[in-house]
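Chain lettering (A, B, C, D and E) follows the sequence in which the chains are written, and residue indices restart at 1 in each chain.
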Amino acid sequence: MKYARYVLDHLKKDLRLEWRSRDSINGMLFFVLLVVVVFAIAFDPASYPTMARQISGGILWVGLLFASMTALNQSWTREQRNQVLEAQRMAPSPASALFVGKALANMIFVLLVEVVLGPIFIVFFNLHVLGNAWLLALILPLGTWALVVNGTFFAALGLRARNRELLLPLILLPLSLPAVLMMVQATSGVITGDLDPIQIRTWITQLAGFDIIYTTVCVLFFETVLNAE
Amino acid sequence: MDRSSIIRTTAWLWLAATVVVLVLGFRQAIFVAPMEATMGNLQRIFYYHVPHAILGLVFPYINVAASLAFLYWRRRDPLKALSADALAVASAEVTVLFAGICLASGMLWGKPAWGIWWAWDARLTTELILWLLYVSYLLLRRFSPTGQTGVLSAVLAVFAAIDVPIIYMSIHWWRTQHPAPVFGGGADSGVDPAMMPAFLLNLAGWAMWGLLLIGFRFALERRRQLAEQEAALLAIEASLETPQ
Amino acid sequence: MTAASLDSASKIYGTFAALRNATATFPMGTCTVILGENGAGKSTLLRIVAGLITPSRGTATVFGGAPHKQRRRVAYMSHAPMLYDELTAMENLKYFSKLHRSEGCDCAGSPEMALRAVGLDPTLTRPVGQYSQGMRQRASLARVLQTDPELLLLDEPFSNLDVKSSQHMVELLADFRTWPVAGGSARTIILTTHQASLAEPIADRTITMRQGQIVDTAVRQPA
Amino acid sequence: MKYARYVLDHLKKDLRLEWRSRDSINGMLFFVLLVVVVFAIAFDPASYPTMARQISGGILWVGLLFASMTALNQSWTREQRNQVLEAQRMAPSPASALFVGKALANMIFVLLVEVVLGPIFIVFFNLHVLGNAWLLALILPLGTWALVVNGTFFAALGLRARNRELLLPLILLPLSLPAVLMMVQATSGVITGDLDPIQIRTWITQLAGFDIIYTTVCVLFFETVLNAE
Amino acid sequence: MTAASLDSASKIYGTFAALRNATATFPMGTCTVILGENGAGKSTLLRIVAGLITPSRGTATVFGGAPHKQRRRVAYMSHAPMLYDELTAMENLKYFSKLHRSEGCDCAGSPEMALRAVGLDPTLTRPVGQYSQGMRQRASLARVLQTDPELLLLDEPFSNLDVKSSQHMVELLADFRTWPVAGGSARTIILTTHQASLAEPIADRTITMRQGQIVDTAVRQPA
């Protein structure tokens, strides 16, 4: 119970910081839009509509991956400026509450981005979802959490490294590859309507499993990472 | 009459004229102009879509002219530079607005005409990039540290203005789904003369509207700048009274 | 009773020993000033006591336990302000006081009081990022004071402060030592500084360091 | 002549800094590699070889674009740490020499990455270049310079901005879209062998024009940006 | 002859006046110490003279021209070390001296000499990032001295320095003023500090600032 209150404090603080600057989320929205445009120009979905459908799942997730990586890096930079992080380390509240609060805040941001992005994406890539579109409402949050929880963790891990910004993708990408595979397969499956529901179910279950396992591990090890020297 | 009331009267007169022209244009476009052969009434979006497209390409040049003026006056005459900066913001915002309306009306047109909202063809892509460029300009203005906003955004404006023709050139050879240029195109280009009055009226009306918006936004920005200066002056003067 | 002690603690960075074989005790209720040249290892020593770094060799003990287990009773203020630039001083302090909230009481002093104590206006709406160096230093002090610590670690609290503010800060610290403590124990302060004269009024003991070693420990006789 | 010596000084300094830490280049390499892998997983090039050929140009450039953006941001961070940048501003040497030196250094890094990446890419996507492969030796440097010169400039422009890391892509991407289009079209044209040489020539000429124009503008305006305020 | 002068210069950040209507002249060959509380606007004044920021109102003149046109003759040292963390002190200094190289001569003093003068070992292979605060401060001073400036601007050169080092630095500055100048003019120093007593030996004039204003200008009579 007290733990939840700590988490809430951290979450509120993060949301407030974000609200103060606000433009970081605007920037992220615009960034994702740009990524979609870049991909569209690079891959030319208009001339190959079936191909567009096949690769759109991949493009969506790769775009979100890049966008959220930038945001994740940012979110810890704030803590590091002025060595606030040391104040956090000196605080008696459980370290993992800080982590959970921040992961939740990040999750909220990325979900917001997705809500705005979805329609644009569908329009730009001229997609008709052939499968059961509702499933996407399950796949997107699960996939996002998979990215966000690991991303928040490893952004913290890389905090004191010299090339922080570059380090995060380097650790996060290989680690998330299985999750990316699941998300992309499930999403493409829904969009193309090619996969049968059972297979999609399998992907989703696996994704949920991935989320649970990694969330547990992250929470368990966060204190160690925070106090690593 | 002092200067501000002259300006105010002019603005009201201008607004009235704009409304008149737009109303006339609306009548022409919707009720008078002949129905198009293949697309039917749908084609009437043309009278709104094309003027916005054309104007969206004109306003960026106001923006870059103002930005260059800003860079020139920055050290020589800071007060003039501030006005130039205000004009630059105003025209950039109106550019975003007009390009946005062109995009939106085009998409509304495309859905029934082509059956899809969006296609990656040269015209559409061009317009989208134009819009993106000026959105990024506005974002830079918000992100940049106080005191440097003017300079940084003016430099970006120059880059953006150079980019606009490049986009047009580079995408010219791309596959296209959008109607070929009607004006000044090949031999069989040109619209039915009966459509011309509607088109010209709308073009004029929206141009006047755009200029009015720029003027209004300019005045607003000037007012903000003046208020800021005022506050700063107050800050200085207040301190001068404190005993030394 | 000792508040903190080091037992032949060393800290080695790569091949460079920032702290060598330091043995020291900081009795409860005393105020110790650590002096020394640049690079003498003062900050390193302080950070070890704070539990932010662990000694490569030797041990550090705070209130009889490992330093990082005593977070509730220890506060540390470093060169940097340790505050969020985007929030106001008040918001910063409130946030950190929440992190310190314990079982029963809502305790941990009020942020307003702490801000007033250091001479900042609690209603200031400017974010900390726009404060001047000295104002940040004060807000930072308020942050550590509000948690009502029994052991207070200050790393160059007077650098960047003008003389008047420094003296004010010293008075504040002297006052702080008289605040009553729940457990009946006394408050301990360890601070580093280059301006020994400033810290004089409250210093009970001075430790002098050179090249990572403690070369001198002097106890001031009560006048 | 003296200008060239200043440029060389700056270039040497940047190369030395990079050599000391070396992480920027390693990071970039690994990042691009990962992007290739992620795309390979997302798009499954083995099962659709023609599609792989069609989209490989896009993937290559998208990967390089994102990798270099991270590295470009970094390259100015170094100058900003400890306020070295102010020392640079106080130096009597021409400001644009600093810019040119840094752009050249970045160019070298990205080219190095490309040299290593090229073969890997070909293997992963199982590509046979159907067109005139030698043209790539022209397209790659031209395209890279287009990214690097603007990127270096705008990274400097965004240096003092609040959301530095986010700002660079926001400005650079829209501005470089035409260049990206040219690079991708030319590269895909060479790889698929679909475009006739004249068209490819056109793209390349345009790319060169883009490079020249923007290099000039960047050099002209760099001093203004550095001393903005 | 005046080395630098401010003519009712103000600097406004948003709606906050960091410097208000400051008028001052810094005659050639003098050493001026700027005193004042935290946030008084000392650093702001110095940065205006350095040409790093332009006054919002009023003008600044250095050697009869705009401040940012005089880069070759002016050197500025701020709180921060302004050196590359990854390079050694020697490499840093060499690089900056190259940026100062002028037409004929290779001039601009030798980096070795400058490092020796501030008491650092030129052969040290540790990168600057691993120096202690005080060592960095010295390396930073060496950086500005080696360019042989006619106008030297120092922002709190003694903060973070231990007393001995500070005194050494003051001596060094006194010595620096006696170095011969090519043009026959004399060397000018402007520095800010909170430790007025330290700078006493070389101060010809003191300027006191409060809340962005110059409230007092005192000229010391040659003893």
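Going forward, contacts are C-beta pairs under 8 Å (C-beta built on N, C-alpha and C of every residue); 3 or more make two chains touch, one makes a residue touch a chain.
This structure is a prediction, so every number in the text was calculated from the model and none was measured.
Novice: Considering only chains that satisfy the touch condition with chain A, which of them also satisfy it with chain B?
Specialist: A chain counts here if it touches both chain A and chain B, which gives D.
Novice: Kindly indicate the chain pair that has more C-beta pairs in contact than all others.
Specialist: Result: the chain pair A-D has the most contacts.
Novice: From chain B, which chain is the farthest off, judged by mean CA positions?
Specialist: Centre of mass proxy via C-alpha means gives C as farthest from chain B.
Novice: Calculate how many whole Å lie between the centre of chain B and the centre of chain C, each centre taken as the average of the chain's C-alpha atoms.
Specialist: Measuring from centre to centre gives 58 Å for this pair.
Novice: Find the geometric centre of each of chain C and chain D from their Cα atoms only, then give the gap between the two centres in Å, rounded to an integer.
Specialist: Chain C and chain D have C-alpha centres separated by 47 Å.
Novice: From the mean C-alpha coordinate of chain D to that of chain E, what's the distance rounded to whole Å?
Specialist: For chain D versus chain E, the centre distance works out to 39 Å.
Novice: Two-or-more-chain contact residues of chain D, please, as numbers and ranges.
Specialist: If we look for residues of chain D contacting two or more partner chains, we find 21, 162-163, 167, 170, 173-174, 177, 181, 229.
Novice: Could you say which residues in chain C touch two or more other chains, in rising order?
Specialist: None at all.
Novice: Give me the residues of chain B that touch two or more other chains.
Specialist: As it turns out, chain B has residues touching two or more other chains at 129, 132, 135-136, 139, 143, 147.
Novice: Taking all chains into account, which pairs touch?
Specialist: Result of the pairwise touch check is A-B, A-C, A-D, B-D, B-E, C-E, D-E.
Novice: Provide the residue numbers of chain A that touch chain D in the complex, in ascending order.
Specialist: 21, 23-24, 27-28, 30-31, 34-35, 37-39, 41-44, 48, 51, 54-55, 57-59, 61-62, 65-66, 70-71, 73-74, 162-163, 165-167, 169-170, 173-174, 177, 180-181, 184
Novice: Any idea which chain A residues touch chain C in the complex?
Specialist: 6, 9, 13, 16-17, 20-21, 78, 81-84, 86-93, 227, 229
Novice: Quick one: which bits of chain E touch chain B in the complex? Just the residue numbers, please.
Specialist: 10, 12-17, 20-21, 54, 56-57, 211-213, 215
Novice: Can you list the residues on chain C that touch chain E in the complex?
Specialist: Interface residues on chain C, with respect to chain E: 13, 16, 36-40, 130-135, 137, 156, 159-165, 194-196.
Novice: Tell me, which parts of chain B touch chain A in their complex?
Specialist: Touch list, chain B to chain A: 107, 116-121, 125, 128-129, 132, 135-136, 139, 142-143, 175, 177.
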